[in-house]
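In the two assemblies presented below, subunit A is common to both, partnered first by subunit B and then by subunit C.
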Partner chain A sequence: MVPGMQQVVLNTVQYALFYLVFSIPLTLSYRTTKVMNFAHANFITYGAYTAIFLHGVLGLNTMSIAAVAAFLVAGSMAVLSNLLVFAPLQRRGSSLSIVMIASMGLWIVYKYLLYIVTDIAHHYTAKNFVSYGRITYVDIPRIVVGGAELSQALVAGLAVASITIASLYVILEKTKIGRAMRAVADNPVLAEVSGIPRALVANLTWFICGGIVGVGGVVWTSFSGATTPEAGDSMILQVFTVGFIGGLVSLLRTGIGAVLIATIENMGIALLNTYLNVPVSFKPFLTFTTLIATLILFPPLGAGGGLPYRFLRRGSRR
Partner chain B sequence: MIDLIGFAISWLTLFGIYAILSLTLNLESGTAGITNFGKVVFYGVGAYVAATITTYMTLILNGVDVGETPPYDVRGIVLLGELGSRNPLLNVGLLVLSVVVAFAAAGALGYILSYPIIRVGPAFVGFTLLSFGELLRVFLQHYEPVGGNKGLMAIPTPFGWVADSRLREVAYLGLVMGTLAVTYIVTYRLVNSPLGRTLRAVRDDEIAALCLGKHVPRIKATTLFIGSGFAGVAGVLLAYYLTSVNPNMFVPAVTFNVWAMIILGGFGNLKGSLIGAAVVTFVDRALTFVTPQLGVTLISPDYLRWVIVGLLIVVVLMVSPRGILPEEPIKTPALDIVSDELGGESE
Partner chain C sequence: MAYSTRAVALAVVALMVGLAAGYGLAAATTGGRATATVTVGGSVATVTVPVTSTAAPAKKVFSIGFTLPLSGELSSIGKIWEKVAQLAIEDLNREVQAYGFNVEFRAVILDDGTSDEKALQNVQSFAQQGIKVVIGPAASSQVKVVKSYADSNKIVIISPSSTAPTLAIPNDFIFRTVGSDAGQARVLATLAYQEGARKVVVFHRNDEYGKAFADFFERYFKEVGGTAIKVPYQTGLPDYASEVAALASKVQSEGADAVVLIAFDTDGANILSHAAETPALSSVRWFISEGPHGAEELLSQAVGQFASKVRLLGTRPLFIANPLYEDLKSRVAQKFNVELSVFCENLYDAVKLAGWAILRAGTYDGEAIRAALVEVAKTYYGPSGWAMFDSAGDKAQQDYGIWAIVPGGPKGYQFKDVGLYERGTVIFLERPYQ
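Up next is the complex of A and B:
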């Protein structure tokens, strides 16, 4: 039996919720707009820093207000990235790789702009924004299960994840705009011919996706003891792996992937640490192994511009 | 007073090292269409191979028990400083050994890593290589025999026995430029060979290349082997130039730097890569020289530099996606004859 099992289980649940909130928008944005967005990590960080600046500069510690603000900030960031960079590139017929490289450039710009902003904020408030402590929010209800009080991050994470899934389900399955989003994802040209305003749908998708990730970032500030401008980057491996497990197409498989990766990572490293004395920071290796295994065993054919090489590999080619 | 000759030497050395990276990245990404976001992996492997071989071999061949005084230990570092520049033959021999082993190790890693990724699209390729770089860094940070977080220091340089420091720098610059020349010739010949034409076919339309009987996965794996091998050699040169390596030198940002170079210079144009490398490293060096004069500023020049690198990638892709020098048609004997006949009009 691994010592501290209860904590390991709690961590698994917590991370599963984070990966869910971060990677479902990744899959949704990729399948609707066909942009492999490396700046996705910035949405997490900017969401978290919206809450941090509200807390550190204005002294606000209400999560609901911070969440709304973060939704607007990260959502507008996503829409702006699309309007200024992705959409013009796609209109010109640039390949998937070129748009992906441009998103990588955006990633660097956003990341270091945030560093600059934290420096300026530090100059005027004399607070350390480059590594910000955990924020205790006043508007999160206290929930006690079996005599133990759940942490704020867990309560907030549960709430955000369930609201996200429920509202995405309603939007995608029950509303006209959701049908339009799915249509654009399935066949953009056909959707446009049928009179769906493709550009509008793309922008709306970006706003929703960026916003959800930003709110996830706010939850992160109530969990992490030290939020840095690298917070999003440190999770990018896990978030993208989860997206790849879903093949960047299926939201359901993405959700399953989130739970799977959180379990493999937290349970796996706890076991390895106890029995083989592997340092806890080797956690990403488990995720990477899962990523490679996914790519070899279940190559997401067709997704991300891939070719159905399966036929080549099985020896049908002479 | 700013030391202009010193500045030129340090800039050119850095340019040479980065140009090797940008030339091979251009071969992989610009010509073959492999979105290699993990260039730093092979660079780092090369640097660590050189650092490990040189420090351990120097100590062992001088009769030091590395079990007692490993090279990452303070006593090891002192010993390396004493023993490092005694025997010119040993220094040069270790350089050759490092280059060979680094090329083989980095190339083999590139070949192996290509297995899971050549069958999937560019999104997966880029991301897998990017995250492998981060894993390598985590591993190096915790692997004690290569110094863990501190890395390896006081690596004996190939020209450590040259007494005059300026002469030493010039000799090293000569070595870097020589390696760059070899890299340029190899990549130039590759791009203008039948393989180069196949690579462009793969980049432009994988399905068509596949249908024409080209074994696309194998071609991509070969390209990654060659490109990664040369990146490993660039790593060797970096290790000897800085005489120290540590895991935090090999962050993804290095890869982005190289990407900015090839995008600025032009996709698929080797001369463009050289220009891109020259411009980016010049700005880098110039900032390093200027920064200390500015004192403490509200906005750190380092952050500003990265914002500029990122903006460079985005803006060049938006405004002029072909870069400074657009891709040229492949030089074949037939093309030469035709353009001679036409009196150079077809150019």
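Up next is the complex of A and C:
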């Protein structure tokens, strides 16, 4: 037994929840719109910063309000990105890689835009927004398990992940619009021919995906000891790894990927460190070995099978 | 088609704006501000608009480059430094004008994101602009990266905060207005031992600064009779929860009685706030390097309470009870409404030294300025104390203070200097955490 295993387990759960909330929307948006979106990182950061500005400028420390605001901010951002950049490029017949490169451009634009906003906020409040300490929220219930109180981030993470999964299930499986989203994912041309408003479905998907990630960003502010305008950037590679494990198609396998990567990054490194004295700084090495192994073992796009149509259809039902 | 062409054009424009904003923002805003303030009081009375100084008899303008960590892992203190740099340039201009020099110093401030590559890019772009004196970069790993370029292009680099002993190299173009960590590691080792720690885990950044500090700490802690176990962590992560969990395992399995943290500000605050939630780490003492001092994130309730629980004590280069330091502190508080962080005084002195060295050199040439800098520093005394350089171009006379995080101030907690290092022992001026 590794000493301090309890904390390691808690961290694993916490990270699994984060990766789940960040990567399921990535998979959902990719399979519906075919945009490999690097600005996904900004949705995380902007969500977090919505909470940070509400806290730092207005003194608000209610997570539920911050979460609603962050959903709107990050969701609108995603829709705007689609309207102004992705959709026009796709209409012109740009390849997947061109759209992907444009999303990288957007990533940089959004990042520096946030730096500008933090500078302005800093000017007026004299508070440091470029690195913001953990926020303690007032509306998160205290939950005690086995004598130990769960952290706010864990409680909030569990709540947000369950709500996300439940509502996505209901939307995708039980509603007309969800069926339309799945139809567009399966075969966009056929969907359009059969009367599904493809552009509307795409925008709605972007709004939901951006919004969920933004709410995840709010939870991040109750977890991280210091959030920076690059918080999402340094997580995006892990989030993509999780997405690739799901082949960017299967939501179920994306979920499994989230648990797998969180376990490797937390349990794996703790065990290796304790028994084999592997330095903790090797953590990213493990993550990316897993990524490469997944891609090599299951081409073309990881364990979900990726793009071929038959996989798409099978995957999307999961 | 026309619509989509327009949209693409729009996307491209957005991209360009983003890039331009990214690279140019810091320089543009700060440079402009500095210019506007420093030209006030030009020697000719008809000059009413400060920026358009066409009527003035050719005032000589010298640019001083700044590569500062306005984003990234040192951003919390970098933001404060930016203000101190502006103040120092204003003071310098007022001073040289009082001496009758018809010159003006201008700050060109660039953000290096606490990244090694960007620091080098900044120094290279300074070189292209013909700038021969650069203040910064902040981190030792950055200084190491810019060193060979600076040496071969004869650009004088004055870092106010790089402390890695490995960079104490004679006859190069690198100067540091702060003593090397060989000194601070001894103080931290003395402090930890004096406070009763015998077996410590040194949790350190896996970079130039962290590794060198940890090595020197281990050496001195062994000398005084303790045992140090080094645990490096990867830098630049979004969060350090799993690193802290691994640290907790190490502390328990080794039966250590203290943790020594060698960190910057963002990572330091992150690590401390996770440690606060880990019982195994709340029952040992914590000692900390100068890196996170002054960072606002450390004044959160979680970290503040943790600090009193583990009686957290840190060391930092400081000349205690220096009236010039107190004066700078109150002026910065008054003008910008911020508290001085670690190395602000060293940055202030670096700017003053650079200005006077340029004037003493008589010519804007790297080699001449380097020689003049050594001479100017011999007789310069500022907020960081006596600035004289040793043979390696580091501050020769460096004192160290002990700091703590105590309740009080507008944020609920505040940094406080509580002691100093004197002839091999740590003397407390007051006892925090009682």
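Observations
Assume the second predicted complex is superposed on the first by the 294 of 318 C-alpha atoms of A that agree within 3 Å, B and C clash if a C-alpha of one lies under 4 Å from a C-alpha of the other, contacts with A are read in each partner's own complex, and residues count from 1 in each chain.
Throughout what follows, a residue touches a chain if its C-beta (ideal position, glycine included) is under 8 Å from a C-beta of that chain, and two chains touch if they have at least 3 such contacts.
Computed from a predicted model, the values in this text were never measured in an experiment.
When both complexes are overlaid on chain A, the residue A:Ser23 reaches neither subunit B nor subunit C. In the overlay built on the shared chain, the residue A:Thr290 is in contact with neither subunit B nor subunit C. Contacts of A:Gly4 after superposition on the shared chain: subunit C is touched, whereas subunit B is not. Once chain A of one complex is fitted onto chain A of the other, the partner contacts of A:Ile269 are limited to subunit C, with no touch recorded for subunit B. In the superposition on chain A, A:Pro88 makes contact with both subunit B and subunit C. Applying the stated contact rule after C-alpha superposition, one finds that A:Thr254 touches neither subunit B nor subunit C. In the superposed model, A:Arg134 lies in contact with subunit C only, and not with subunit B. In the overlay built on the shared chain, the residue A:Thr221 is in contact with neither subunit B nor subunit C. By the touch criterion defined above, A:Thr33 lies against neither subunit B nor subunit C after alignment on the C-alpha atoms of chain A.
Residues common to the contacts of subunit A with subunit B and with subunit C across the two structures: 85, 88-89, 92, 102, 105-106, 108-113, 115-116, 119, 279, 281-282, 284. Residue ranges of subunit C in contact with subunit A, taken from their complex: 3-5, 7-8, 10-11, 14-15, 17-19, 21-22, 25, 29, 70-72, 75-76, 79, 206, 231-234, 236-250, 252-253, 265-267, 269-274, 277-278, 280, 295-303, 336-338.
Interface residues of subunit A facing subunit B in the complex, by the touch rule stated above, are 30, 36, 85, 88-89, 92, 94-98, 100-102, 104-113, 115-116, 119-120, 123, 236-237, 240-241, 244, 248, 279, 281-282, 284-285, 288, 291-292, 295-296, 299-300, 303-307, 309-310, 312-313. Taken in their complex, subunit B has these residues touching subunit A: 29, 33, 35, 37, 115-124, 126-128, 131-132, 134-135, 138-139, 141-142, 206-207, 210, 216-217, 253, 256, 259-260, 263, 298-300, 303-304, 306-307, 309-314, 317-318, 321. The touching residues of subunit A, when paired with subunit C in their complex, are 2-5, 7-8, 11, 14-15, 84-85, 87-89, 91-92, 102, 105-106, 108-113, 115-116, 119, 122, 126-128, 130-134, 136, 151, 223-226, 228-232, 234-235, 265-266, 269-270, 273-274, 279-284.
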